[in-house]
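Next up: the structures, one after another.
Next, two complexes with chain A in common: one pairs it with chain B, the other with chain C.
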Partner chain A sequence: MPPSAARRQGSPFTGIGPVFMKELADHLSSVRMLVLALFVIAFGAFPVASSLQTLRTVVDPNSFLFLRIFTLEPEQVGISFVAALNFIIPLMAIGLGFDSVNGEFNRRTLSRVLSQPIYRDALLLGKFLAGVATFAVVLVALWLIVLGVGLLLLGVPPRGVEVARGVGFLVVAVAYGGVWLAISMLFSVLFRSTATSALCALGLWLFFFLLWPQLASAIVSGVAPGEIRSVEDYAALQDLAMGLMRLSPGTLFSEAVLGLLSPETRTLGPMLPAQMRGAVMGAPLPFGQSLLLIWPQITGLIAGMIVIFAAAYVVFQREEVRA
Partner chain B sequence: MTDIVIEARGLTKLYGKHRAVDAIDFSVRRGEIFGLLGPNGAGKTTTILMMLGLTETSGGSVDVLGFDPVRQPLEVKRRVGYLPDAVGFYDHLTARENLRYTARLLAIPRREAETRIGQAMESVKLADVLDKRVSTFSRGMRQRLGIAEIVMKRAEVAILDEPTSGLDPHSTFELLEMIRGLKRAGVAVLLSSHLLDRVQSVCDRVALFNEGRIALMGTVVELANQVLGAGHPIQIEAAGGDIAGTLHGIEGVQSVVAEGEGVWKVVADRDVRAAVAHRIVTSGGELTRLADLQPSLEEVYTRYFEEARRAA
Partner chain C sequence: MRALLALLVLLLLPVAGAHAQGDPPGVKGLFLLTDYPSQTVRAGEVTTIRVKVNNAGLVPQPLALALNGVPAGWKMDLLGGGRPVGSVMVGVNQEVIVQLRVEVPKDAPPSPHNVVLTARGPLGQQASLPLTLTVGTEAPARLSLKSRLPSLRGTPRSAFEYTLTVGNDSGKDLTVALAAQGPANFQSTFTEGFGSSEISSIPVEAGQTKDIKLKVTPPRDVRAGDYPVLVKVAAEGATAELRVTLQVSGQGRLALSTRDGRLSGEAEIGKASAYTLVLTNDGTAPVEEVELSGTVPANWKIEFDPKSIASIAPNDKKEVQVLVTPADKAVAGDYMASFRAVARGEQASADFRIAVTTSTLWGVVGIGIIAVALLVLLGAVVRFGRR
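Right, the complex of A and B next:
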């Protein structure tokens, strides 16, 4: 068939609004959402409470007090709030997306919905955007709660730059969730069984969190030369190690969060003493400079989200809707 | 305005090397019920999906209400109602909410949609469960809700895939009545089925599918004449005297076959019932039953496939 004859007519976005609204309503009213929210609270409340406890007793007028609520690693807990989120956000995204397409197929609603004037594009994109919006709602609510509790217990209002950095953190967190949502939706398109797609998505999640750090260092030591002769050799190895680690969305997220919420961060990689000359150790960077530092991480997350969504889209376009 | 609503010419679908649908031609007229019949896997559902633009065609063309489903699927889907095989609805939503979602996808204004939903549910006798969750619905109710969706859509063409499969006799009867209702409302109905006797009662014309091709097409009587040969079969139960001999003597009778004790099947080239009754009674026999055997699609179907197998 010549390509011109196959060109379809009508906007691919016809009907995206109703799909988005329905999915959003479904997510927000579902029991699953409630469970996931409880999960986040259960994992997040403890670090936040302990951080606040610590921060109340330590007086440090120069530091970014509010950002410390997110990043402080209380000794009793051993995990900061953002580290907990790093772990929990993928789980939420998988929970929201693992049955988004194959669930419709199994309930036999897919062919009925697709027989309405709507392209598959709109269905998939509407579902994805609804998932991202759900994320945004949950994270903003969470962020406001933490901020509010902090305000009450610390008795100091956050500074403007802290709020700005906090908003930046929200954007990064939503993008991070988007990556995992795209991954779980890709599996939901690939597999007809919802259990299989959930299992694959969870497997990937565990792989990145448990196995990948070891695997990456094993790869690095495998390719490392017998002896390291120069600084360049060492730097190349470090670059490789970081490059491998950054394939995991979790690494990108934690680096981006580090840059945003710990303003004193000047670099995410190794630095030569020569490069440190003239730097005032521990002095915070301006917001713009921090943003510049983590810009590759942010674009990496968003690009990853788009690429994985595109893959899901391509597979979905080719799928047969019949039972 | 042409009377043809669906026209397929040389429509073909390949799955790899397998020809699921092999260059079929057919047309459906406005206000008729057209049946696609055939065994499972004969290409009925594939044909339906191609008409809706839900699967790509491999060759040939199909025209639905003047639109090409390949290039203008939205226009086609706006005007055609589709009831898939074993239709599903969102279980956690009520019937009203399900239809409301469809109405939004169709961009029907809110107020208008509410009126149409009410009317549609009334027409399929589900008005009393409008606000019940679909998870409580029986199979038959879901099928009826599917019909309600088509009514609400004000579709010009309704495509029903195996609408009666899995339904009990009473639900089947009700559903067929609703399909007739669609026809009365001027909707062209195309339905697929492998349940022949039920389909026979509603279809104006049928197309018999076999391995991706349309083997036979026409009204049920036409098909019967084509496959079973012309003739009026009747069944007789009688006693006393030489019934078989009497029957043979009647003008127009082609064959007399004893089907059991006092039961005969007669095939004649015209309607010989009156003559048969008269002859048996005047020859002193007792006529207890005289039945006109309608050509059944089942018989046509069985015979056709038997012959197709023998030819192969």
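Right, the complex of A and C next:
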């Protein structure tokens, strides 16, 4: 079709506001949302309670006490709060997004919505932004609960830099959720059946969490030379392994969180002995330096989210929606 | 009986002399012994004479002590264990020490006096000790003070130790007070011979000498030059003086710091960062040939400008620029570096904490990537938008 003929007047994002508000209202009032929130709280409460108990009884030399609530791995649980979030955020995002488009199609409301002066652009972006906003609301609430309980039980206020790092963690978590929301929306655009799109999204999630680490190490051992002669060889292999692992959004999230919530993290890759010499170990990095360290991860999450959304957008625009 | 015993004593005495070591088994009897039976006492003073009561092979009995021939006006007491005693009891082949305290009146004429001390037992055992006490004239106290090495040379940081010999040239024991007079802020202490405790006076027996040590510590910032110290010893009106000299040569002292004393800085990976070091000489002599060097983590570069300084005058400062370049592969974080300045016989060092920061270039690149992703989205909107 010639572009000039297909063009209509006005901004493509007209009507994004009503879509956003309606979707947000639907999400926040839905039973599915309630179940997902309970799921998150159940998964998060146990590690937080255990690490708070540990922090109350054991003297922690770390000066970033509040951040330890998030990163401490309690002995009884064996999983830290952020590790639990790393696992549970994709599930929540998939739950929010897997039927956002094909659900409407199957309920035959899509053509009705689109007969209003609302473009498809606005519909998809509004749905996406509403999902991200829902996400942010849940995460901020969770974060505030953790902070408040920490304040109550530890009796020390968090320092400014700890709050700043915590806010950075929130941003990263929302971006991570956005990636999975975009993925699930892409599937909901691709497949007409909600079950298929949910299955595909969950399959990808399981693939990245269960299969991908094994696959990455298998690839690395296949590529590895017969013998490793130098530290540089070993470091190169490590770099390859980490590069493969970083294709998984979960790895990007956990690395970004590590840099943000463990200020003493200097590097995410292997550190050569020559680089260790003269270094004052355990000294925390300034917030700006930590941010610079994990900037590629943050960039990857945000850019990945945008690109996947763009793909979903392109597919949706080319789709036949009349049913 | 008494005559018999005295005879026995007389008979046995040569035998006792022949067997000086230990108690010869054949000797029996009671003896009163003193080292100097004839001695000089001074008018107006108290003299103590040690008397040993020796029992050789007799059954122990209480022995009453008596003094005969005490001159008029004199006061003589027998002391045992610090208390006045009237009798002693000596075990078989043992001896007891009794002190005879003689107090001579001030106006006693200078003439000899005979005093007899007797010990008498209930069974008639008896021993006597004739003593001849001559009132002599009082010799005035006299002291001498000598030093083998009266002049020492050193730096402001060295301790000057003089060995002094105090001699008591008078006829009685003296307690000698020690004093040293030096320039202001010079610390002087006296120690005995090889001892370590500080003393302010020392007893010296009559006719003897004692070695004492005088240690003089000059203040750290003393200028080069000769400083006299006057040592005075005094006892009972007698004094002696000696002048010792400290030849202090100057010494430089290096200190390494920064202009505001802050020993930390920041450096970006791969870029040279300059810090200003300040070399201070707070000594008293110039510091010559100062060479600068530094220790930094592996693959870092370090340069000094200038690399060496010919001389720093006392109380003068010199500034040195140091350029530190972290290695290209360094990771962000804190590192320790140390800078050293070595001069002839002097050195100073400072540990410097360098916070390595990464370039913000990659941050900009990241934002660029996000911008590219947004552009892709925008392109899709332009291409497929408004359906």
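The rule is simple: the second predicted complex is superposed on the first by the 312 of 323 C-alpha atoms of A that agree within 3 Å, B and C clash if a C-alpha of one lies under 4 Å from a C-alpha of the other, contacts with A are read in each partner's own complex, and residues count from 1 in each chain.
Keep this in mind: a contact is a pair of C-beta atoms (placed from the backbone, for glycine too) under 8 Å apart; a residue touches a chain by one contact, two chains touch by 3 or more.
The structure presented is a predicted model; accordingly, all values stated were derived computationally and were not measured.
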Fit-or-clash call for chain B and chain C when the two complexes are aligned on chain A: fit
Given the touch rule stated above, what does A:Tyr119 touch, chain B (first), chain C (second), both, or neither? both
I'd like to know which partner A:Gln53 touches here: chain B for first, chain C for second, both or neither. neither
Touched partner set for A:Gln76, first chain B, second chain C, both or neither: neither
What is the contact status of A:Gly278 with respect to chain B (first) and chain C (second): first, second, both, or neither? second
Looking at A:Thr109 after the superposition, I want to know if it touches chain B, chain C, both of them or none. Which is it: first, second, both, neither? first
I'd like to know which partner A:Glu320 touches here: chain B for first, chain C for second, both or neither. first
Now for A:Gln238: first (chain B), second (chain C), both, or neither, which partner does it touch? neither
Rounded to the nearest 10 degrees, how wide is the angle at the Cα centre of chain A between the Cα centres of chain B and chain C? 170
On the superposed three-chain arrangement, identify whether chain B or chain C touches more chain A residues. C
Name the contact category of A:Ser221: first (chain B only), second (chain C only), both, or neither. neither
Please work out whether A:Ser193 is in contact with chain B alone, chain C alone, both, or neither, and reply first, second, both or neither. neither
Overlay on chain A, chain C to chain B nearest C-alpha distance, Å: 6
Looking at chain A, which of its residues have contacts with both chain B and chain C? 6-8, 10, 119
Chain C-touching residues of chain A, taken from the complex the two chains share: 3, 6-8, 10, 12, 119-121, 266-267, 271-272, 274-275, 277-280, 283, 285-286, 288-289, 291-293, 295-296, 298-299, 302-304, 306-307, 309-310, 313-314, 317-318
Help me check something: in the complex, which residues belonging to chain A touch chain B? 5-10, 14-15, 17-19, 21-22, 26, 30, 107-109, 111-119, 320-323
Sort out for me which residues of chain C touch chain A in the complex. 295-300, 327, 329-337, 353, 355, 357-358, 360, 362-363, 366-367, 369-370, 372-374, 376-377, 380-381, 383-387
So, in the complex, the side of chain B touching chain A is made of residues 45-46, 49, 52, 54-55, 70-75, 77-78, 80-92, 101-102, 104-107, 146, 149
